[in-house]
Every structure is written in structure tokens, then in C-alpha cells.
Amino acid sequence: MKSILTGIMAALGLFAGVATTIAQTPDTIAQIKQRGTIVVGVKNDYKPWGFLDPSGKIVGMEIDLVDEIAKKLGVKVELIPVTAANRMEFLNQGRTDLVIATMGDTEARRKVVGMIEPNYYAGATNVLAPKSANLKKWEDLKDRKVCAVQGAYYNRRVTQLYQPELIVFPAVPDALNALIGGNCIAFLFDDTLIVSTLAGGDQKWAGYEMPLTSEDPQLWAIGVRLTDLDAPFGKLIKEMSVDWHKSGKLLELEKKWGIKSSPYLVEQNKKLSGS
Amino acid sequence: MTTTQPIVVIENVEKRFGALVVLKDVSLTVKRGETICIIGPSGSGKSTLLRCINALAPIDKGQITVDGIAVNDPALDKLALRRRVGVVFQQYNLFPHKTALQNIMMAPVQVLKEDKVEVEARARRLLAKVKLSEKADVYPGELSGGQQQRVAIARSLAMNPKVMLFDEVTAALDPETKKEVLHTIRELATEGMTCVLVTHEMGFAREVADHIYFTDGGVIVEHGPPAEFFARAKEERTRAFLEQVL
Amino acid sequence: MQPVAEFFRWLADAHGINLTIFYDSVDRSRFLTGLFTTIWLSIVCIFLSILIGLTGALIQGAHSPIPRAAVRSFVQFFRNTPPLVQLAFFYFAVSALLPMVTDRHGVKVPLIDNVGWAIISFSLFAGAFNVEIFRSGIEAVPKSTIEAAEALGYTRVKAYLYIIMPLAFRVCLPALGNNLVNLVKTTTLAYAIGVPELLYAAAQIWSEVLNVREMMWVLLFTYIIIVAVLVFVMHRWERALRIPGYSA
Amino acid sequence: MRTLSGTTDLPVLLPRRMPSATEWGAADGARFFGSRTWLFLLLAMSALSVAAQASDAPARAGIVETVWKWMPLISSGFLFNLLVSAASMVLGTALGVLLGLGQISLHPSVRKASWTLTQFFRNAPWLVLLFFAMFLLPFELRIGGLVIPLPAWLKAIIGLSLPVMGNVAEIVRGGIRSIPTGQWESAESLAFSRMQILWQIIIPQAVKRMIPPWMNLYAILTMATTLISVVGIQDAMTLTRGALVAEARTDLYLPLYFMLLLMFFAYCYPIARLTLMLERRFAVNA
């Protein structure tokens, strides 16, 4: 057994060797310009931030932000759909230059990726549930089937605090489909998405509600590699971010995509525009 | 031990495979204790006839009776028939996953629900009879063709049949092992077992048979006691055949 | 256990090889639960798939053409469509057609949960292969052997039980082993519907601890070991059933 | 540890071993059987869709129209699945042939390493290998001055080609070993070199026996391409799921997923039939 194990190790050595040689990028802006394309990790299942229109194109508020950045750099855009479980990996591997994918800005994540401040949005945790589930408080979730998505930061916290039976799916559509199909009584998610989903006035969500008090407010951040955070690339994005707040761009986009006005954006706009 | 009492009666039997007629108006009678041999060229319907006797193949016309049981009766009690008739095949067909002894014991225990201890004693006696006592715990795959065939004979005998059918049982064997098998059959015949043999062994047929039937093209061309049959065949076809094989 | 935990904690700090499953009790229990679920799921599905295979093979031996054609369609359909889509089909689509039951909170919930559908889906998938395997095994038993049994007075059922099945099973065993190995590997798909098996547990750990590389190796080796154990068991079984002088 | 090799071949999925032509005689039987299968599937389909209709009585837009609306998008996804399957097959076959030949190498170390790799990639779950490739491969390869970017779809192709490689290696090894040693010996006695024997005598004979399991593997791979949806690459499965979220109608689940199943069936079933046919033809000649 032992000899075989070493054999496998040796045989795979080559493979692993290749896998570990991840080049560190020195000057991201130059690289992007040379390539002529900025590669960005975005959501394709998170209406209205990043989602598919029937033609299969990814659109949404975050995609508009990506376009702004590309315009500034004078390059084309390549969108890479990411999930909560892989977005930071992709960024750090260099598969994407940037990630704008409804990513919560947490202490743990700051060790892994560079979070751009000011944050472009703020969300909190809540659940989407059919009215018939009759949920009143977070404690009602105990031992009930609750759908969630792999890699979301609030999964662990909610599990520890309220002990639901969490069914975690690889992607949002799976979880939503499971919710609609009655496979779980609630879908644990960002309240912003839930609000915008319900506010859309779509008949199909008529029987659903966001019954709980949002908890655990969380700022969303654009992510860059840690090495880029204080480099020209990171600085550029920071500047643009400030600009978006100041000029009211974010508020405007919020309206465009039918997102319920967020107090955070209003406050930031006031603060930064100095009015 | 030949009596005049018939045990197998075949009357005007016809058997077809689709449009092909394999047996046409075949009639023959086997008396208790008699040994008969059916000879004839390949494809003349000899083996089919044996299979019809044991209801392995249904007949299309006519009548077969074995020890008073009408084989072609739709309400035939197959078990009753098969208790009375033992068959030994050209390819032995032993059950490869059971030892020689187990092969002999299987049917009496599982089909006839007889007592295991008694059956084992009987099986060991039968193994001794076919001179394979020392091979009791050996699997068929480890036995020679002749040995396997003798176990197959013992397996059939374990059911205490009244008639034994042998379907070219030595055809797949080499001359040496052939002798052992023929010896076993000869013993059976002299002990008074009713035997029906399909065979190509003319010398053996002449020696053990009470009666010889010659079939060709699905019909019985000619039959008679061996001395007469081999010396003075009446039909041209029989003579041509005998000339070829003798 | 303490020194082991200490070692891995040191490994994480000093070399960045972060195997939390060896020193973090939450992650360890998550991983072990996943491992246990995978093994349990595999065993249940192996058992059910063999049952489905035997039933299907028996029906295929029937005289009436309609049940035969039904089994054949079942086999072909499940063999020629992706197991992942089958799983989604059952969990999302078929589940929605079934009547709902009321749980103890008075809310209507589906009759069968994700674990249940995973079991059903994988058992049918592997079962479809087993039908073919058992059938080819039965067909490998020479007609003459069956005839010999018949000549000894065996009824059809008894011949199946005592002669055909024991022989067919030996012929099938290597192919059956392969299919069961495949079944164990297929259980990873349950991840897609949130069944907390091994891959799910590993993914939860790496998305929180961000130790993808380490967990990936752990996963691969764990599965290789599970498969090796199954292959070993099947091999021993094959050897135990081997008949001297008989090659299946 | 020999347990991982030996008689148990192709644990990934069994080669489609079908009965000999005895039961349903050769071609006619096969055609008959084919039409039966389709008939049953159609019956099942209509029964299920009736059930789906009934389960949601006040039907909004007709189910058929809605399915039709999404059909082009999902079909394009399906085409992508096929593309991925073809690319993975080419890559996996190329690597697998090398690995398979490595297993009959005269160098024990090459043999051992090839064997180990083969066993490893054959016995690891496809989905785990896919995750492995997605997460652990770098985003670009630098070989000297050459930079080869590895976008996600390419990684997925590599990820799927790993198990293909292991299985092809086993098919190659099995195929070569199935040629009787007499062929080697007689060629050797005619003073052929080892390479000549392999390429001019053994492999031409073995290829015929390798084709059916290889095609079978391809069908399995095609079905496995849906796994890329789990690691976040857009394929027919992802798009089906997306369409379902967009519509949010439970009565659509069944027809849409069933349509997806049918797409794969329509592609893989003929391959299975063809495999079977070739298997029989080669078996007769062998």
C-alpha cells in the first residue's frame, strides 16, 4: 500500500508541479491594456446585479459598473460567470482581473482578496419564503429545510445561531427552483436580492414574502488581488468608486435596475459629494 | 430380463421445426428391460426423438407414452415423467458450480425433497458404481470428459428412473475414455435397465442392443435384432449407411 | 489526537498547508459526516440497484413482450441520459408532481426529500446497468445446462434458483463490480441537490476556510480509498466464489 | 493493491455488453427493438406532460409554447456540451494512448507510473476531477516565453479529459493484451523489431477491438459534460435551470428537464446502437 501511495505521489508530482506555478502579475493595468480586454468575474444568476437575458447575454447593475471601468481603460470586456464558491479563487489564480459579484466584505475575505473601498452597496441577510410557510422570526427556521447557496458568508452564521436544516446548492437557480418546487420552506439570501425580486411586481412571486428582520448587515465590495490593492490598478478602481458615489451614478443605476433605494447609498452620496 | 411388457410406446409421431419435418410418422416400442439402439446419419432426427420422449421438445402429431404417462397430454405432470426417464447428453451438462457428489444429490434433494442423508448414501453408491468414488468432492471442470460423463450417468440414475436415454454420449470423447463410459452403460444394460441409445458406435450397438432402429430423413427405415440387422439389411439406404460406417 | 491536531495546526501556520479537518472540530465532524453519508448512500444504492437489476433481468426473461419492452426502454433511457439531469429531473420535476405531505409545523412539504431522490435516482441509474449485466450473465449459462436441469425434473423457478442464478452471478461479478464502483463515484452528483455527502462537505469547508488545494487532494485520496476497498471486497468475493476448473 | 487492476476493467462504466444475436436476431431485431424503445418513451412523455398539465390547471402560457421559446437557447447550450465532449475526447484519447502504451513499456518504472496514473484517473469520481482541474490549474501556462491562457472552458475540457485519459489507457492496454502472444512470437521470429511488431502487427489488429469501448466511453463523456454546470460553466443544464428560474412555474420543470434528457438520449442512444453493431461485427470476424 505504501509503495503504491508513493507511486501515485510521484506520478502526480508533475501534474501538481504544473498546477502550483501561478504567476504573479506585476502591472495589471498594463497587462489589461496589452490584452485589450478586462476579464471580470460576475454573477449570472443574481437578478438584477448580474443575470441572463433570454438571448443568453449577461446583464445587470454590476455589469454596468464593469462597462464603466472598461470605458475608462479603453478596453473590451470579457465576463466570466462566477459563483460564491469560486470567485476568489478565480481572481487569485489570475483568471479574472477583477470580481464584481455581490461579494460581501468580510474580515476573513480581506486576508485573501483586496476589497475596494468605498463599498458600492450594502446588503443584509434574510429569507425568501412562501407566505404559507408563516415564518415570524429567525428561530422559526429551526430544523426546517432552508435552501442556500454554496459559499455564501452567512450560511455558517445562520446555521450556528438558528439551526435550520440547510440544503446548500451549487448555484442560485438550483436553490430558487428547489424553493418554488417546495423542496425547502425558505431561501436564505441577501435581502437586497429578495427585495428587488419581490418589488419587481412579477406575478410568479405574488405568494412569497421576506418575513424576517434583516440581520448581519454586510457591505459589498469589488475585489482585486491583494497585490493590486495599493497598486495603480486598485487605486484606479477606488477613485472610480468614489466617483460613482459622488456623482450619484450608483443611485441612478439602482433606479435603472429597479432596486429599492438603499439608505447606505444615499448616505454615502451625501457624505462624499459634501452636500 | 426382457419382458413383453412395453414401457415406451411411440405411435405415428410427427415433429416439425417450422416448415422442416424432422420426424415423420415414427413408431416404435421399447419393452421393459430392453436395450435399443437408434442409428442413422447425422440430422436424421435421432436426438430429436429422444428429446420428444422426455418432453424436452413437444411433438406435433401422434402419441408417446412412457410407463403409462401420455407425454403429449397438455396436462402432463412433467415431474412424474422425468422421475421415470433419465437423460444423458453428449456434452455431459454437469452443473459446473457443484462437486461430482453434489451434482448427483441435487435433483433428489431439491426436486424430490428426499432426505439428504439417504440421498448422499445413494449418491456415493452410484459414484462407486461408475468407479469414481475418489472424485466425490471434485468439480466437473477438473474431471476428464469420460469421468464427467460417468458422473452424468450417476446423476440420472440417482432419480431412480425406469428408462435411461443416452444421446450420443460418447461422441465428444476420445477412444480411451469412451471405453469407460461404454463399460458403464453395458453394466446398466445387463442389470436390466431399460436403455434407449442414440449412438454411432456400431460395434457397441451390435453387442448390447436387443433391437436396432435405423432412421434417415426423419423416418424409421428399418429395424430388427442386431444379428439380423447387421447381417442382412433389407433396405438399400441401410446397406449404404452400414457400408460407410463399418 | 492532540499531537496530531498540533502537527496540522503547525503545518497550516508554518507551511500554509491548511488541513482544518485534522484540528478544527467543526470541520472534522463535517468531513466525517460527509464521509459517512457517502458510504451510507453507496451501500443503500448498491443494494437497491442490485434488486432493480435482478427484477429487470427476470422480467426480461418473461414471455409477454410488453413488460419486456418496458424494461428495455427503462434500461436504454437510463443508460443513455446524463445521471445529473436524471437527478435534477427527479428532484425538481417529478417531486413537484407527487402529492405533498404536511409536516409537523403544518406546512406542506414534498413526500421525498433530496436524500430520498438521490437514492432513487442513483439506484435506477445503476439498476439499469445491472439489468443488462444480469441478463448477459443469464444468457451466458448454456442452454444445454438448463435443459439438463429440466430433464432432472427442475421447474423453471427452481432451475433459476439453484442452477442458473448461481452460475450467472459468477459470470456477472466482474461487470457488477465495475458498475458498483461507478455507482459510488456517481454519488458525488448528489452535491448538486445539496445532499451533505463527501464532496458537499469538502466544498463547504473550502469555501469557508479557502483551502481548496488541500481539500481537493483529501477528496481525491478519500474516494480512491473508498473505491479501492470496494474493489478489494468484490475481488475477494469473486475469489471465494471461484470454482476449480471452471472459467466464467 | 493489485486489486485496482486485474480482470475488473472500465469501472467507470461498463462496456455495453449486449447479448449475442440469438434472442433478437441481428439487424432486424435491433431495428424492431429501437422502434419499441422510442414508442415507449413517447408514451411516457405524453403521460407525464398530461400529469404536469393537470397538476396546474389554470395554465398560463401554454407549456408547449414556453418550451418552444426556450428551445433555441437550450439547444445552443447542448451544442456547447457536444463541443466540450469532442474536445475532451480528442485530448483524453491522445493522452490515454500514451499512457496505455506506457503500461506495456519495457521499462518497469514507466510501466508502474503509467499503471498508477491510469488507476488513479479511472477510479476518481469525474466530478471531483473536474473540480480539481477547475480550481488547481493555473489561469495560464508559461512554457519558456510562450504564454498559453487557460480559460474556464478549457480547464473544464482538461478536467473531463482526465478520466477519459485513464479509461482510454485501459482500453488500449486491454486491446493490445487481447492479441494472442502467438502474434508477438511469430513476428519476432520473423525478425521484426518491437516497435515494428507493435505498430504494424499488433495495433492494427487491436484497434478494431478498441473502437467499441472507445465509442462507449465517448457516450459516457457526452453525458458527463453536464457536470460542467456544477462548476459554473454555462451549458445546456445551466441554461435549463436559468430558464426555469425565469419562468418560475413548477409545471415547466417536467417538460423542460425531460426535453434535456431527450436531447442527450437522441445523441447517445444511436451511438450506443452503433457501438453494439460494431461490437457484433468485430466479434464475428475475430
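Order of writing sets the labels: A, B, C and D. Residues in every chain begin at 1.
Operating definition for what follows: a residue touches a chain if its C-beta (ideal position, glycine included) is under 8 Å from a C-beta of that chain, and two chains touch if they have at least 3 such contacts.
The structure presented is a predicted model; accordingly, all values stated were derived computationally and were not measured.
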C-D compared against A-C, more contacting pairs: C-D
Chain C-chain D separation of Cα centroids, rounded to whole Å: 19
Distance from the mean Cα position of chain D to that of chain B, given in whole angstrom: 53
CA centroid of chain A to CA centroid of chain D, Å: 34
Set of chain A residues in contact with two or more other chains: 8, 89, 170, 174, 177, 181-182
Touching two or more other chains - residue numbers and ranges from chain D: 1, 120, 135-136, 230, 241, 244, 250, 253
For chain B, residues contacting two or more additional chains: none
Topology of the chain contact graph, where touching chains are joined (line, ring, star, complete, other): other
Pairs of chains satisfying the touch condition: A-C, A-D, B-C, C-D
Touching residues on chain A, where the partner in the complex is chain C: 8, 84-85, 88-89, 108, 112, 132-134, 144-145, 147, 150-151, 155-156, 167-170, 174, 177-178, 181-183, 185
Residue numbers on chain A that touch chain D, as the complex places them: 1, 4, 7-8, 10-12, 16, 18-19, 21-23, 44-45, 52, 54-56, 80-83, 86, 89-90, 93-95, 170-174, 176-177, 180-182, 202, 204-205
Residues of chain C defined as touching chain B within the complex: 142, 144-145, 147-155, 158, 162-163, 166-167, 170, 243-247
Parts of chain C lying in touch with chain A, wherever the complex brings them together: 91-92, 95-96, 100, 105, 107-110, 113-114, 191-194, 200, 203-204, 206-208, 210, 212, 224
Chain C contact footprint on chain D (complex, rising order): 1, 3-4, 6-14, 16-20, 22-23, 33, 36-37, 40-41, 44, 48, 51-52, 55, 120, 123-129, 131-132, 135-136, 219, 223-227, 229-230, 237, 241, 244, 250-251, 253-254, 256-258, 260-261, 264-265, 268-269, 272
